[in-house]
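Scrolling down, you'll hit the structures one after another.
In the two complexes that follow, subunit A is the common piece, with subunit B as its partner first and subunit C second.
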Partner chain A sequence: MSTSFTPVVAGSALASDAPAPATAKSVPRQGETPNPSAAALQARFPTAVKQVRVVWGETTVIVDGGQLLEIVQWLHDDPSQRYDFLSDVTAVEFRDLELPIEVVWHLRSLPYRRFLRLKVLLEKGSPLEVPSVWSVYRAADWLERECYDMFGIRFSGHPDLRRLLMWEQYREGYPLRKDFPLRGRFSRSEQLRQALAANPEARYTKEELSIAQAFEDLPDDMRRRLSAGEKTGE
Partner chain B sequence: MATKRTVEVELSTTGLDGQGRPQRVPLVVDDGGSPVALEAPAAIEPDLAGDHMLINIGPQHPATHGVLRLVLELDGETVVRCIPHIGYLHCGFEKSGEYRQYNQIIPYTDREDYLNSPGNNVAFALGAERLFGVEITERCKVLRVILCELSRIISHLVWLGTTCIDIGAFTPFLWSFEKREKIYELFEAWIGARLTTTFTRVGGMGADIPDGWLVGLRGFLTDFPKTIDEIDRVVTRNGIWVGRTIGLGVMTAEEAINHGLSGPMVRASGVAYDVRKDFPYLDYETYDFDVPVGTNGDVYDRYLVRMEELRQSVRILEQAAARLPEGPINVKDHRLILPPKSKATSDMESMIHHFKQVMEGPRPPLGEAYVAVESPKGEKGYYMVSDGTSKPVRWRIRPPSFVNLSAISKMVEGHLLSDVIAINASIDIVMGEIDR
Partner chain C sequence: MGLSRRPDPAITQLSSGGDPWTTTRLDFVVNWARANSLWPMPFGTACCAIEFMATAASRFDLARFGMERQSFSPRQADVLICAGRVPFKLAPVLRRIWQQMPQPKWCISMGSCASSGNGIFDNYAVVQGIDTIIPVDVYVPGCPPRPEGLLYGIMLLQKKVMNERSADKSLRNEMEPDPRSQLYIPAPMIDEVSEPFGNSVHQTRSGL
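Entry: the complex of A and B
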């Protein structure tokens, strides 16, 4: 073990006399003091910040989607903010279909022990597209892919935006959208038919096969099917 | 002897080559211009540098700890690229949760990270309680801490046992599973279930501990450190173990934070981030325990961190057992907690509450809450959005091993194929939680 080792400690940017973190007690639904980063964001990006609200002690900042990447980059880099940890990327669609779809980022600043929720509202009818924060946080890789998979929200700038939990040929749509029925869009018999028709042998994507020019090593029938343009499945 | 010159002539008879150009072959002619026999070319080493191999691991493979599938590109035995595939266990817990009342979602939380069921129950209940604006009783808090820490021990023991098997040590597996069985016996005595506990309710717990349960817990806490020491003695300085874990899958502190790693994964990289310390819940700030931190961020450090966390969990459990206060376990609010059965059948108001709660379910006010706890795998968050009805409009799990696993491509690059198994084991994945 090297003697020069110093751990990265959460709360390191706080003053030494700052109060120790404690379990929140009897948090009111509204009226808690907002996270100071919200005011800083309002001062820095006056046009992009649309609303700040505090519910159950958690600060939510609703921002303009066009400037999201800029805002996140600033929150990550600015020495007075240092939001270095991306907890979660997800989306919310309400049962009232008139309400916009919300894309939600949960950020943590470990040095300042802060928690901030960023939201972008995507109005119904507008394209479901927001900038990807992959260039700032690598954690966004799978989180954004999952969000795309489940809600169909495109994260522009993501290097590899493919379906993650559902297979690539999944054609029923986006499961967590409210217009997607709980039992799936297709009938049970159609779902069964598709499952039985799936080709479990063709398990590789073209990209993966190109690794080893493995195409030549495949069995004859599979090679024939693939060259006839059949899509590979999981 | 005539000197030989090599000339290239176009031979129309051989047709086209792979790129569609006319094929040109070398032809050897002597000085007089007449062709001579070709000599066999000197033997040369075959060029293998460009030949990469495709290896598929999983989804049905004991060392992937579930239905994880890794497609690896190998250069010799070195991993050049790793393409993970997940989703084989996806069953739409989040979608189903939108059609369930809050208390009805708790069984789903058992089944995502099934090694940490009580911990997930607690985390979900904490999230729902924030959404309802409920403050739970002191006794309930301490009981929940006991649940969380016992399930942390279970999860780490399963991790330890299976990882030892992956790397070639069988005995620690038996020792750790024996102790795990002891905890399951404690759960069975208290909860009635072993794996899928479903034990918290919004606003309280399913039942109080039975008489004498703490004696069993104390007995376990006396025995258990001996097992840790035993495993420690067998594994920590074992030559094979050390040789197969040191220097593998290294993540620096900055990389670990940027990749969103949490739990023992980020702590092994030297980042002292523990939700229990930094964003406390259940009064964890009043317990005296340490957060172990690794220095190198490799597989060996992750092992050391988890071993130390087992000891710290024992410390927390001892304090919790010592301070367990008397009092009710449930909040006094019959809109949230079912009235006792005897009252529900004899008292009109209790019956109404019982009926309304079972048929309609309690309704939280409009709002949203993200509550994170330190699960054995890392920061586990539940994000709930209420639109004022008895069912959440969105219920989101932030699965720690999902985010931890997403860094596997980076961690295995440049390592040997056999090390992929050790690195994958060190992440401590539970596919139920990753696919949900």
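Entry: the complex of A and C
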């Protein structure tokens, strides 16, 4: 499978007389000029953008969860934005029961040399569900799985939402939630018993399944042995 | 004083008449061969593995102890060196590697994490000592232990191998885990050895 590949040159969409990138020095905590994408988002999605904050020179846009996928798709596709790189998906929970859980997306536009942080606020009583951006960025696959694993936030539309860091049968909850005890909920022997009962080869990843599709390309002797039922890893 | 060699009771050298000849115990020869050709199966998961690599490299030179060949297959290994912390997700993997090793086999738990969970990793994800999964022969303390520490542990293991008796079948006991619980030691014992200590006592519950 070969697809045409166009390398992205950082800053290629900037004007030719744009100043050369320099390391930011003495950035104030507040009051730095916001990323121009924030104003563009406010003009394009006036109801969805709730708040724009600039902290330490980085722009955070708090948006409505219902329109998140639409916003990300626009940021990715619009020629004036071109956010082509999703660097992180994570969440923040505060100890204060009143404060909502924040789901955070870090977007980067290589052609425009821009960084934008999107946040969706989820009240603690409400179902923790946000749309998945997997259809826009394939990089969101494992990032969202990790976020689901650690915080229990469901990403609707994710093709394969299961635990990433903990094993799939893990039943103690979501470890990075504030109400999760540091040692877990079960006793050590129970944790060990459940961990040892897990079969590490029970479920294969997509990459491993693609090996099965490559069965015809394997050498003759290996194909013969595998089709005779020989097990690997035993 | 220092010049005269202490006679080794395991070896008797005789020279009556013709060529000199030697008698010894079979155990001694077998143990001597085993102790000086231990093939390690490195199971390195963290910074201890870096120290293990330093031990195997030319400066400290593990080959002096008959460990020239690092066995990356458990089928051809004699001693499992678990270097680094083992998360619960890795516990069945470590157990399976141990079960795949043929007898006689030994295990060195290298570093505080593998030996006890190290206190700082007293959390939901980390096994509190690999001796709750597999039997361990030598524990090497340190975080991570220096190569000299690991070498000392290996020499202790060699000493242990030298003192084995082939008539003692209990040494080769496979210690099969209980098929229902998958544990090879009783659950209360695991809870006891995994109890918190030091500062980590105060971390059991979150403040919420």
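To be clear about the criterion, the second predicted complex is superposed on the first by the 184 of 234 C-alpha atoms of A that agree within 3 Å, B and C clash if a C-alpha of one lies under 4 Å from a C-alpha of the other, contacts with A are read in each partner's own complex, and residues count from 1 in each chain.
Quick note on the criterion: a contact is a pair of C-beta atoms (placed from the backbone, for glycine too) under 8 Å apart; a residue touches a chain by one contact, two chains touch by 3 or more.
Please read all numbers here as calculations on a predicted model, not as lab measurements.
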| item | value |
| --- | --- |
| First (subunit B), second (subunit C), both or neither touched by A:W142 | first |
| Which of subunit B and subunit C A:D179 touches, first, second, both or neither | second |
| Subunit A residues touched by each partner, larger count belonging to subunit B or subunit C | B |
| First (subunit B), second (subunit C), both or neither touched by A:L192 | second |
| Which of subunit B and subunit C A:A10 touches, first, second, both or neither | first |
| Touching partner for A:L110 - first (subunit B), second (subunit C), both, neither | first |
| Touched partner set for A:F85, first subunit B, second subunit C, both or neither | first |
| Which of subunit B and subunit C A:V27 touches, first, second, both or neither | first |
| Touched partner set for A:M166, first subunit B, second subunit C, both or neither | both |
| Which of subunit B and subunit C A:P127 touches, first, second, both or neither | neither |
| Touching both subunit B and subunit C, residues of subunit A | 95, 165-167, 175, 180, 182 |
| Complex interface listing, subunit A residues touching subunit C | 95, 97, 165-167, 172, 175, 178-184, 187-193, 195-200 |
| Subunit A - residues contacting subunit B, complex | 1-2, 5-11, 20-23, 25-29, 55-56, 58, 60, 84-88, 90, 92-96, 104, 106, 108, 110, 113, 115, 117, 137-143, 146, 150, 164-167, 175-176, 180, 182, 203-204, 207-209, 211-212, 214, 234 |
| Parts of subunit C lying in touch with subunit A, wherever the complex brings them together | 88-89, 91-93, 95-96, 122-125, 127-128, 132-133, 177, 181-183, 187-188, 190-191, 194, 196, 203-208 |
| Residues of subunit B defined as touching subunit A within the complex | 51-54, 56, 71, 73, 81, 83, 85-87, 90, 92, 94-96, 99, 130-131, 133, 135, 253, 255, 257-260, 270-274, 277-285, 293, 295, 365, 367-370, 372, 379, 381, 383, 385, 387, 389, 393-394, 396, 398, 402-403, 405-407, 410, 435-436 |
